[in-house]
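Chain lettering (A, B, C, D, E and F) follows the sequence in which the chains are written, and residue indices restart at 1 in each chain.
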Amino acid sequence: MINTHKREEFDIEINQTVGKPFIKDAKFSTRNVDVFYGEKQAIFDANIDIGKNQIIAMIGPSGCGKSTFLRCLNRMNDTIQDCHISGDIRLDGEDIYQKQQDPVLLRARVGMVFQKPNPFPKSIYDNVAYGAKLHGLASSKIELDELVEKSLTRAGLFKEVKDSLHKPGTGLSGGQQQRLCIARTIAIDPEVILMDEPTSALDPIATAVIEELMISLSKKYTIAIVTHSMQQAARVSQRTAYFHLGYLVEVNDTNTVFTNPEHRLTENYITGRFG
Amino acid sequence: MINTHKREEFDIEINQTVGKPFIKDAKFSTRNVDVFYGEKQAIFDANIDIGKNQIIAMIGPSGCGKSTFLRCLNRMNDTIQDCHISGDIRLDGEDIYQKQQDPVLLRARVGMVFQKPNPFPKSIYDNVAYGAKLHGLASSKIELDELVEKSLTRAGLFKEVKDSLHKPGTGLSGGQQQRLCIARTIAIDPEVILMDEPTSALDPIATAVIEELMISLSKKYTIAIVTHSMQQAARVSQRTAYFHLGYLVEVNDTNTVFTNPEHRLTENYITGRFG
Amino acid sequence: MSFGAIFTALMALLLLGYYTGRKRSISLSDKRNQRLHSLPQHYGYLIAFWSSVPALLILLFWSVLESSVINSAIVAQLPAQLQQLSADELELLINEIINLSHSGVAIGDDVKRHAVFYYNALIEFSDWVKSVIVFVLAFIGMFIALAFVKPEMKARNLVERLIRWFMIGCASIAVLTTIGIIFSVIFESIIFFKAVNVFDFLFGTHWSPQEAIREDQVGGSGSFGALPLFVGTLLISFVALVIAVPLGLMSAIYLSEYSSPRFRLFAKPVLEMLAGIPTVVYGFFAAITVAPFIRDLGESLGLSLSSESALAAGIVMGVMIIPFVSSLSDDVISAVPQAMRDGSYAMGATKSETIKQVIIPAALPGIVSGVLLAASRAIGETMIVVMAAGLSANLTFNPLEAVTTVTVQMVALLTGDQEFDSTKTLAAFALGLGLFLTTLVLNIISLYVVRKYREQYD
Amino acid sequence: METQQHISRQYNQELESVKSKVLKMGGMVEDQVEKSISALIEQNSELAKEVAESDYKINKIEVEIDESCAQLIAKRQPAAGDLRLIIAIIKVITDLERIGDEAEKIGRYTQKLTSMKDEVNMYAELSRLGDKVITILRDALDAFARMDVEQAIRIAGTDRQIDEEFERVSRILVTHMMENPRNIKTMLHVIWCARALERIGDHAQNVCEYVVYLVKGQDVRHMELE
Amino acid sequence: METQQHISRQYNQELESVKSKVLKMGGMVEDQVEKSISALIEQNSELAKEVAESDYKINKIEVEIDESCAQLIAKRQPAAGDLRLIIAIIKVITDLERIGDEAEKIGRYTQKLTSMKDEVNMYAELSRLGDKVITILRDALDAFARMDVEQAIRIAGTDRQIDEEFERVSRILVTHMMENPRNIKTMLHVIWCARALERIGDHAQNVCEYVVYLVKGQDVRHMELE
Amino acid sequence: MISNTKKIKNKLAKRYAKEKRFQIYGLGAIVISIAFLLSLLINISTTGFPAFQQTYINIDVDIDSKLLNLDGKYSEQALFSANYRKVINQSLKTLFPGVEDRRQKRALRQLISKSARYQLRDFVMNNPDTINTKQSLWFLARDDVDVFMKGSIDRSLPESDRRLKNFQLVWIDKLLTENRLEKRFNINFFTQGDSREPEQAGIKGAMIGSLLTMLVTVLLSFPIGVSAAIYLEEFAPKNNRWVDIIEININNLAAVPSIVFGLLGLAVFIGFFGVPRSIPLIGGLVLTLMTLPTIIISSRAALKAVPPSIREAALGLGASRVQTTFHHVVPAAMPGILTGTIIGMAQALGETAPLLMIGMVAFIADVPQGITDPSTVLPVQIYLWSDSPERAFTERTSAAIMVLLGFLIVMNLLATIMRRKFEKKR
């Protein structure tokens, strides 16, 4: 079935990912990952490594499976009824889909930031402290205060909100909310941060601020972002992965992808030609 | 009050619109238009001409009053409770805010296409025929059929839907829906089409199709579009107006605005600098 | 002509008006070669309106007033000694006359026969005048309106103005209702409070409208201390809430967060059925099954329970209001955006942590308003307590004892064959006022609470 | 790369129009160079004048193309192949303009030469150089039009022949100068022309290099092409 | 124009880094030109060799800057001033690279000249030309660095002086050649050097024109600057 | 310092245990609620089912014209007022000869329903040629016999605690052995009005009363409620004093106890306008006022749920406010409006308290013919019967409840179907 699919739809074969999908010193590595929603296959045989302290961007036309793939990485797909995953996804060499793996623990290690900023309807402080309280990371109020301040500072938000820590987080502007969500995520000190179109609900100014933040966070964290804006991918990421109808077509250095992609489908997408 | 406002916020004075706000042979011309929402002034002294069979793009940061201004042109602001407009807006030299002007008739002459495609929950046919029925434009079923076909064809949608004219319009894809909305608007043969961010809910491919359509429609209609995408403004329009905090800062040929704007605020916005 | 016939004729006129209006507008537009301002049917609607509605209103007005005018006319021509009769007797007499007239049988004494004759004449005359006025008005309306039809006439705007006034009228009925409620309870209550001191009523601990305790009590035949009733009401409502809130809330949580879609598909309508069951059914169930069951249960535990304990009524009422809590909570919980859940799961929270710490706080305003709604239901609920709670006004906080409630007493006082203005009847209105005010206050509190929470997190 | 159309027809058209303008410019430049060489060899002062006075057209079209490229970048956010095309165009037209300048120079020197009336039968010697230069220029433009990397690489290699030819011509000219010191000034003009021809060859080589960059995405300037 | 910062600090940095690379390239080119001139005038074959062999660095930095510009366009969708800056940079560095080439040429000819050992005391004559060229180049780069249109226009005007000086030098050289036909070959090398210096002046003028385009958005190439 | 991961791991088991408990509480709540509902339904239906059957007694009747006091005149008038009681008593006597004791005689007569004579009358009037013949006829049994036949009277109880005495049991046994006792489908239950005699009591009167009341309610409340909702949602100016007052009123009325509406009806319609008590017109008016807030609020919610983009689209095409509303907004909101209306109607159908206030609680045996005839309604009938001590009334109460619930279920199904249909059309 897959073969005919390839023939008919692409003219070009997508036998395997072109470019440099594999690297040394990978944080995440996925091998032969297939994802199904019920009968429907959303991801076909994805093989890719995600490097430590790097930003990798995932781009591709709508519905090509970027979000699906991203959500495999912290098992957020578990919450979807009929979503099945096969293949091998390893975080630091450890299979995250094995029986003993606890998704709660995994998600504490692999944080996620969503498309629309979704602060909890609590105070700014409580938003950031939420994860720490949940996991019992801070043993005292002072420790917690410190953690909150540190996280907010690292998310570049502390200055703006330090006088209103106990005001509701929902009262912030969109960009501030998104930074609050990032602060909340880094408060539990994850190793990886996944971001699914984190700026598509934001205006250009807020977007620029978040992009800066991503770049500075990438010194400490491994970041994978899904974005619809090719320019954003070009701006923030070191590596870029191009998805097409569920296939991982090309993974390459961002500079290469944007000036000289290897695969014709990538080129077509990047230059705005008919897919 | 206005003066202090200018001093404090801009460093630069916005005394009057720079560039070429006025042209000969204008379809619309506005003079000294102020718009208030209750106490709050949203548009300050806007003076601009909109040329016949041209596309004019309105750009500017969020909340600068683009939509407000656009909606003044077909009195859609009438539906907002506490919105007051002063100044002079003329369509073909006729004051559209004078007492005798019926907003319903005005809106038949000045059509509008919205940000989110909003087809009626009716069949495709009925969507397009609605306006004609409303204004009694077709005297027979045959005439109506012709009108529907002509409008759909002109909106570049007929081929795609000719076999499903009686299926619901809401079943179409986003881009098709937006073209349906355009078809619906041109079915009543307006003189001007206003578009408020008509592609911001669409994916890039659908966007490109709509942009093509706008350009081809501009041969027959006068089009004013509000867009957040500077590139879109650059692509489709002949003239561009830049709004800033309610002021109409610059109106100029699009090529000029995007390569060599006159006002520093325009330049800052176009190049992504701090406003 | 009878009412029905006139009405039918008017409806026919309405249709006629529509078609002529439509036609005339089209032909005028053709003749003058002028575009119509509005669509032809708008002209049709307009003519249809003027040719029937004013006439219809007159007809209704006439019909409502007709009987009282005629009755007083009949009374006026009765012999003087008959006019001296009491109002009730007069009414009986008039009814008899009307019945005689309808039956068409000429029996009875001279006076009555005369009256019947007079009555028939009046009716005939009234019918005749009514028909003439109505039809003249209808035709005048139609022709004047037709004369106004011109292509440039803003028919649509006029029609729309009419529609708008009709809708304003409909919306205003709510205000009339409230005014009606207030007026219907306030006057009677004022009379009642003239007889019974307000403080005695509010804080008196003894309620027995049947017998007089003090000889010198003015106008009354019993004592009207309503405190036990209000306490009883609150006691039963409290029991009900104790049952309904945890069950309803937990059900809502389970249904919206945990259950499989199939279970939900089955369980949700079943729970909602609880709200659809008429209260009289609950009352019956409480009286026939639950109360004896609880009494037996109590006896087997060595407690002596009345078979009309507050507990039985409260439990059944609690079950009844479960859906108010669960349905509203379910709605607000489902309305909490998925993004919120995703946010929490992505932080490594378990489901129950997410629910307890994120979803419930987010949904709290809605839940609170659901609970308050349920509470006001409980307080105003009548049939369950009428059937399952007793009539004995005990001032107690013990749910195992029999208590009575405001609504029970209202029913008891008003369903007998008392005279309309006896103190007992009036007491019911005073209780109604108290009930109305209590729920009003509860309502205001709920609005306030909801608004306060909303302001904080939205 | 050209088989697939842009989703935006407008974009396609704009790109095509720029490309065709570049080809038109190439044609004009080629024409100028041919004319200047025949004017030089045939000592046709009319033609020389025409060449010298037509250069403004090439300048104009260069500015025009630059403008269009700027517009394209501003409007369309070109990436990958499209971006390389635009950058290559911006670069190529500088070279083409310079070629035009060189042709103009030849025209001017030819005008001077015809007015000098010195009998310096050197022009025949130049004709071989001229032929070679025209060939390489034509081939380079051809490679650009067809985006033909193979040909571009091949052509770029032939520039060395031109340099050698120039060396040969200039040696001959030096000998002539030594022999007829009175004609030195005239000869110098001839040498300037030869020099200009050699420069045209260099610029043609640059065009070829941009073709490689355009298609392969590799910048091969200042490297040995192989 | 430079007072306001981009919202994206990264973008700012990238633009700044390209600009500073261009300035660095300018510095390198200036250095090369200076060195080549002193090598020529002082007949310093060491220095000449150094110049001839350092050109590759300039070539390398040109390719680098081109690459960065392509990246910037792909990533940032520059518009208005930023776009003009990038286009100007793409254009300017071609000129700078050519200047480097000319310097290299001077270096090579100087090497040859020193090996010829012909006594042609012409170098002093060249020093005035050299000074002028260095001044105009330095000023042009300065105008570019400071985006100073006034200065750019003024400098572009001084190119005519260089052309005159070149005319003067070449007349002198022709006279010399006529006087010493044996030295013609050497003289020709000197003349090539002078010619190279003159071209450097032309390129410097181009740089000035781009500064005007950059700041004013007007393309003033091939027009009389005023 | 321990690493984050380890810290988190240590706490996990406890957190999962909490999770499990929470889930169990939730499921428990549902199970309890459903169990209550089931016990209610089962209880009602087990008590109510027997009411759909009725015991009949077979007697050989000697239709003797003399006993009938006919004097040979067989006119209708005469047949109507003939003495059928005597005939039946005589026939009973022949069936059980030897019952002499007056007390026992009375007990014997009480085996059979008081209505037997009317049954016989109807039979004779329809078949006048049967006079002076012997006919074997089936008559309604008394409720006690009926109850006994359905097994609800325990023979083993001491006689004093029983409704049926020993000798009555003997007779019944005799009748049984002679096959003179039979249970049949209780058609009377659906074709008769209320009665003091349980075996005769039916719900037709209450059903028609309910129907008429609902008719009045729906005809008034639907147009008024929907118009009001449309006005408030689509047309009402914001920041208008009058509109604010209307809104506050509606919200408040929604929570006013239903019994208060009864007071309103009592004071205004009956007290002030002097309309007669107990008629469906008043019931309908009161229920209209009571359901209006429900309909208005749910209709407003449905209207509010119509995306504003639809309105903008229509306005942008040059439709007026009214056209926009009636062409697009109302059709789109129709499913919600209809469901709201039906729910309101269901509420009204089950409503009792306010109707008690306006006198619909009176005993009315006749089936109402129009909206101005005195009548009762189903829930009130249920209330009335539930107050009656006879075991047979308890049975009938449950049966009436089953009928009422049946109507409610049908209405809810209707709501669901309508909503589906509308949604498909969209």
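Everything below uses one rule, namely that a residue touches a chain if its C-beta (ideal position, glycine included) is under 8 Å from a C-beta of that chain, and two chains touch if they have at least 3 such contacts.
From a predicted model like this one, the values you see are computed outputs, not experimental measurements.
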Shared chain contacts [chain B and chain E, defined touch]: A, D
Relative to chain E, chain with the most remote C-alpha centre: F
Farthest chain (mean CA position) relative to chain B: F
Centre-to-centre distance between chain D and chain A (centres being mean Cα positions), rounded to whole Å: 51
Centroid distance [mean C-alpha coordinates] between chain F and chain D, Å: 102
Separation of mean Cα positions, chain C and chain A [Å, integer]: 56
Centroid spacing, where centroids are CA-atom means, of chain B and chain D in whole angstrom: 48
Touching two or more other chains - residues of chain B: 134, 204-205, 208, 231, 234, 258-259, 272
For chain E, residues that touch 2 or more chains besides their own: 6-8, 11, 70, 74, 76-80, 83-84
Per-residue overlap in chain F, given as positions that touch at least 2 other chains: 8, 15, 320, 323
Touching residues on chain A, where the partner in the complex is chain B: 61-62, 203-205, 208, 228, 272, 275
In the complex, chain F residues that touch chain A: 4-5, 7-9, 11-12, 15
Chain B residues within the chain E interface of the complex: 230-231, 234, 257-261, 264, 266-268, 270-274
Parts of chain E lying in touch with chain A, wherever the complex brings them together: 6-11, 70-71, 74-77
Footprint of chain D on chain B - complex, ascending: 204-205, 208-209, 211-212, 215, 231, 234-235, 255, 258-259
